[in-house]
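Quick heads-up: structures coming right below.
Both of the next two complexes hold chain A, though its partner changes from chain B to chain C.
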Partner chain A sequence: MSHASHPESGGSTYLWLAAVPFSLFLLLTWGLSRHALPWQLDIPWIPSLGLSLAFRVDGFSAQMLALITGIGTWVFVYASGYLAHEPRRGRLFVVLILFMLAMVGAVTADNLILLFLFWELTSITSFLLVGFNHEPAEARAASRQALLVTMGGGLAMLGGLVLLGQMAGTWTLSGIVAAGPTLANDPRLPYALVLVLLGAFTKSAQFPFHFWLPNAMSAPTPVSAYLHSATMVKLGIYLMARLDPAFNDLLFWEVMLIGSGTVTAVWAAVLALRERDLKRILARSTVSALGTMTLLIGLPSAGAGLAVVAFMFAHALYKAPLFMVAGNIDHATGTRNIDQLLGLRRAMPWTAAAAVLAGLSMAGLPLSFGFVAKDIIAVAKAESELFTLVSYATVLVNAVAIAVAGVAAVRVFWGPLELPRNQVHEVSWRMLLPPLAIVFLGMEFEFFPALADPLLLAAARSIAPGLGEVSLSAAYDLEALLSATGITALIGLLFFLAWDRMHEALHTLNRFDRYGPAALYDRLLHGLARIAAWHTRHLQHGRVSGYLQLTLAALLSMGMFGWLHTDSRLELTWDWPDHAWAWAVACLLLVAGAAAAATLRTRIAVLMASGLVGYGSAVLFLFAGAPDLALTQFAVETVLVVVAASVLPHYGTAPLQQEPLRASSGVLAAAAGIGFSAAGAFEQSAGEWRTRRVVRSDQPGRGPWPQCG
Partner chain B sequence: MTPRSTLLMQSARPLYWMMLAAALWILLRGHNEPGGGFIGGLLAVAGSSLLAIILGIPAALRLQPLAPLPLAMVGVGLAVLSGLAGALHGLPFLTHLWTGIGLSTVMLFDLGVFFAVWGALTGYVYALVDAGETAP
Partner chain C sequence: MSLILMLAISIAVAVGVLLVLSRDVFRLIVGLAVLGSATNLIVFAAARPGGLIPAVIEAGATQLPAAAANPLPQALVLTAIVIGFALLCFALVLGAYLARQGGQQNVDRLTAAEPAATDPVKPPVLEQ
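Right, the complex of A and B next:
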């Protein structure tokens, strides 16, 4: 981003817009102090479809709301500084507000379809925000990727939610959680869960869908801090945690979550070491953290619920400021490459301070809320008997987290300044206050746990009902913890010091990139374009006769299929109709019109001949007991022929070029004629019992035709 | 515009009014016998097309109560309105009500269909005729 090169553009910086999330935040705290959770609201919408505007706010929703509105407030302040030179900033703020409202809806919706609607709305706003700087081709590709991956998952999730709704007989999320254990033996359950998890995994960038999140870093930094670290990517986690009380006991659920969570956490941590771009490093570590959260949800113990909640809270409180720090550095120096960033502490002291404090929390060192969260996670893991492999994996993940914190908070600020001193400057207060404020908020929760305790415990209880009386601050045993963190911290320090060497070593991984899921995504996208091109060439060729042949062939083969799969036989009887002479006239008109249309060469004559076919069928309708239809047919045919005749001469009077008559076309036409006649006869004999049924029931209606007008 | 025969030019307007009268008759007749808003609307379209082809689109527009799109909108609006009457009485939307002497909300609905067909199809026809006039 080259903000420095933009001339100062006039107009509002939209700082006042921060009042929108802030007033929502105040409303939330006021409500929490006055009214007991859960709050419910249910407005019927389309009752026959089970659709209602059902909202439900319990502890977990309240925590999400606090993050969305609280961090949202600071993100809006930050964005007003970050985008002060961006001429199109008004558009970004509109989408940002829309996104925030969609998030509020998604975490409060209790109706499954409503949840889906808000869920997809966050995907759409994310797409618009990632592609905000739409000029670079990579940004457009990244936003399309984010959209296709999360929306595709969202569609799968819709299928899963509908299945769940049908199995449980309720369309509310709370109802499904309540019915959860009774669903365990339903054979459809695995399909439903796989589909729902597809939605959650794509949204929260779990392996193998982890690749879209780092690419989404082409979004402006306030967006990355808000959507792609603090709130939207946690929606998948939110849904899994929501459903966890229902399916916690299923081995299938546990294996899926622990397996995918562990793989994501480890693989994303390894990939973080390969990056040189500060924002992409942070994005990889976000994916790793999301993996840890998925793993924690999969753990069977009730303490894991508390761990998820605390970690989610802590992660938002340190990752959002770290993104803002990266944005400040980008803004001040014009680069995010850590090779060029060294010794910024003197030029950017306040940014450095925010970075160090956020880094402490990310590393889980004392004096930070991350410390508390890390401890609760350790307790939760100790309570559940983890596979040894998973335990080792989490040590690695934590060590990389410490190393990433070191890179983002220490490495870029210490050492000699690489860039010329006059190129680097501290940023405006609007970009300094938000990260500092959020970081101090995190520290406050460490020193005064009573502030966050009630909210976090209420949140944990709503996703882990078995949780007993615990206090966040009292949970940890300092000595055991220090020895456990000590080892991780040591390994993390080693990773930090050896960052560049490991980066070099991991270059060997590059050759496997073309087998990875990101490459698969590219191949699928190219394949789709090729299929579409082939399809257009062969099916949308523009020749009307070709369309007709294809349609007839498809109808015939469907009819044949249906006929071969029924055991009823066609009994042909022959009765002369009432006005046989009229039928004969109609058929004569039809045949004459068709023959003339096929053989004549003059345009106007062909038009008249086709009109004759229309009149013939109208006569047929008239005597077959559908005078309404006959009238309509006459009127339509007349208007059509008159209008076409008036227009036709203007397109030239050259005779039509006739396509060569082919035997295959003739066979197809004859087969279609015989087939439809047979179908009509069959329909008539089958229609007799249906007519009897209609007469028996008291339904009005004069015949099989719909009444016109 | 290409020259037209005098006979055609002179008979266009009387023919139009006769067709419109027939259209209205079919619309009202549809209440109890074959006919109705759709067919009546089509007949009105035929009349308007005749005018547009012979005397030009502006002449056809002058003798139509509204321009095609507003006419179609009024028609759809009337049909929706006729359905609301039932909804106001607590019945499902589009449940129709009779006043006992043959007047009903169905009439309103039929009139809506009439206008919608007349408006929408003349919109297409005028566009087609216009394209034909200006085609190379």
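Right, the complex of A and C next:
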């Protein structure tokens, strides 16, 4: 499959791999035409835990699948062109396919744990793809950031899902949605929802987790187009929309979604104006669009469900081509800085055409599917009572979207060419066809909405069951057109014209950056490393006595903790056993040996004294029914003298120094003396000697230890 | 009686800890020995020693005599004695080697096995 125009690339460009998503797409369309939704599949996995490989495809899942496989097909084609010169492209394609399968799993999984597994798998593949060009430190930092933020959220989500599963008594997503209203009075519900929303917000880059997505733009452009605009970042939206029918009536849910969605949409729009990098501008506007989707999910009306699916569809259909356009420009000129990009129209006519058409859709202007979506959104918002503030916010967000579309589609292509003419060239067909194809698909849906109607309506009904009979068609009513689009378009045009001036003005925001969540993330990571360094320096200081002190203190505190939590009594008696004299000798030897070892100053004498302690215990063993122990102990103590005699000369002949008694050592020694032997005594008095009782009462030959002899 | 035994063990443990916390490498090793013996005794004493009859089943009998000693702590302690002895021999040789190599017997200055403060394994304190 190697292309003639890339003689140096060597090997396959893997264009044929586009057949993987495409065949899945065909399978999906075939299935949709033959079998009524929903499709269900349930394979037992760990039945005792209620876990199963449960999959369920309803209208909403089908729409997501269509996006994943449909956009995926074109992304694979695009990637084969974009990475034609990249020697490691095989690796990228493998991870891309893995990612696609994980996405397919995530949007079809009905079991909560299964959903979590696929969800985290998309995070991991995203990490690998963002860090694909791993040599620049920023790329590594960006991929780590994307991973930590989304996986941290995913962990929270797992907690939330488990809570929801316990509350509802079912482990299927559909079951939880069905049980939704009955959960409203459960005191655990807010915690569960906050945890689940943490997962959704981090995945979909909602405020305050919006910072990772623009940084993830260090990924190769096909990845940005696929993961970070069309599919993966919509997983959070997907989950929220899924759960929406269950919790729609909760004020808590509504406030969280509308609040966070609005803040995200507005703030990301403002931040988009601060960027000069084309891809980062698009990323900011993606975050803004995701915020709008969150806001729409939070709206109580059924029409909002339709608005969500239509906007999601439209967004994927215009944002992926725009990313591809940015990639083409990057590929052709070597830069993505909009200051250097002007008048590329003549050099890159086809890219310019794709950009303009996608830009139309993004701006929500007529002749595009974006217009249909915008119309539906306007209807949904009109149906719901919105805070005035939110209404104004959406006008601002839409205006910035128009301005971004203008920058990405108009500004860089019109005007005089800034770069040397010979530096700019149109890209290969593999990088031109995909954006054009996706854009034309979007236009087709605009002119023949009936094509998209069944899919989108089925999708909308599965997340908004109350949706009545509607059909997707833009109202070309002039009044509505003016009110819905005219004013925003005008403001958007102003934003577009004043882009550079606003950019300058927004520089003042820089000083607040160090209080933002991105800075907080940096500080947290930094703090973690500092704590690790501090703790290593203080715990692993290289002083043996310090190690021993710490170990003993820890052991004693644990013993103390155990003592405080036990109810056994200490029973020490004065009863003399048989051979009491022998025990007394043993005790005497112990004490005398210990005392001598502590006070003597000659090494051999200290060693002998410690041997006395051993002899003492040996005597005790001998008169406590353990002659084998006694024998061993005597032998050991004797052999030790021989060993020591051969080693002692290496320690020198100078007598041991008198050491001052340190307070800490004294306290530890006293505590250990009391504590350890008390522990032994406790053990002794804690109930009967069970083994003996068992032997006595049991049948002969059924002792707890193996019979011998 | 158990009280007196416990008192004796307490003293042995305390002395063992004192020796172990000593800065002298030789005292530290002797402390290990004392602490080891004392610990064995704790384990042994915790299982209510009393019977003088060893835990051996007579030929022809099917169970232990009622007054026999408890064999479980004996098994534990026997293992501990042997391991303790090996540890002690090893520590004596290691201590002698380290002391000669370091030219002194202060355990806190015997840091040949520690990475240097500039070692990359030890994370540097990051400056913000």
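Just so it is clear, the second predicted complex is superposed on the first by the 524 of 709 C-alpha atoms of A that agree within 3 Å, B and C clash if a C-alpha of one lies under 4 Å from a C-alpha of the other, contacts with A are read in each partner's own complex, and residues count from 1 in each chain.
The working rule: contacts are C-beta pairs under 8 Å (C-beta built on N, C-alpha and C of every residue); 3 or more make two chains touch, one makes a residue touch a chain.
Here the structure is a predicted model, which is why all the values come from computation and not from measurement.
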item	value
Chain B versus chain C as contact partner of A:Q549, first or second or both or neither	second
Chain B versus chain C, judged by how many residues of chain A each one touches	C
Which of chain B and chain C A:E426 touches, first, second, both or neither	neither
First (chain B), second (chain C), both or neither touched by A:H650	both
Which superposed partner A:D628 touches (first chain B, second chain C, both, neither)	both
Chain B versus chain C as contact partner of A:T638, first or second or both or neither	first
Which of chain B and chain C A:D186 touches, first, second, both or neither	neither
Chain A positions touched by chain B in one structure and by chain C in the second	627-628, 632, 636, 639, 643-644, 647, 650-651, 707-709
In the complex, chain C residues that touch chain A	1-28, 30, 33-34, 37-57, 59, 62-64, 66, 68-72, 74, 77-78, 81-82, 84-85, 88-89, 92-93, 95-97, 99-100, 105, 107-108, 110-111, 114, 122-126, 128
Of chain B, residues touching chain A in the complex	26-27, 30, 34-43, 45-46, 49-50, 53, 110, 113-114, 121, 125, 128-129, 131-133, 135
Touching residues (chain side chain A, partner chain C) in the complex	526, 529-530, 532-534, 536-537, 540, 542-546, 548-549, 552, 572-580, 583-584, 586-588, 590-591, 593-595, 597-598, 603, 606-607, 610, 613-614, 616-617, 620-621, 623-629, 632-633, 636, 639-640, 643-644, 647, 650-652, 656-657, 659, 661-662, 664-666, 668-670, 672-674, 676-684, 689, 691-692, 695-696, 700-701, 703, 705, 707-709
Chain B partner contacts - residues on chain A that touch it in the complex	627-628, 631-632, 635-636, 638-639, 642-644, 646-651, 707-709
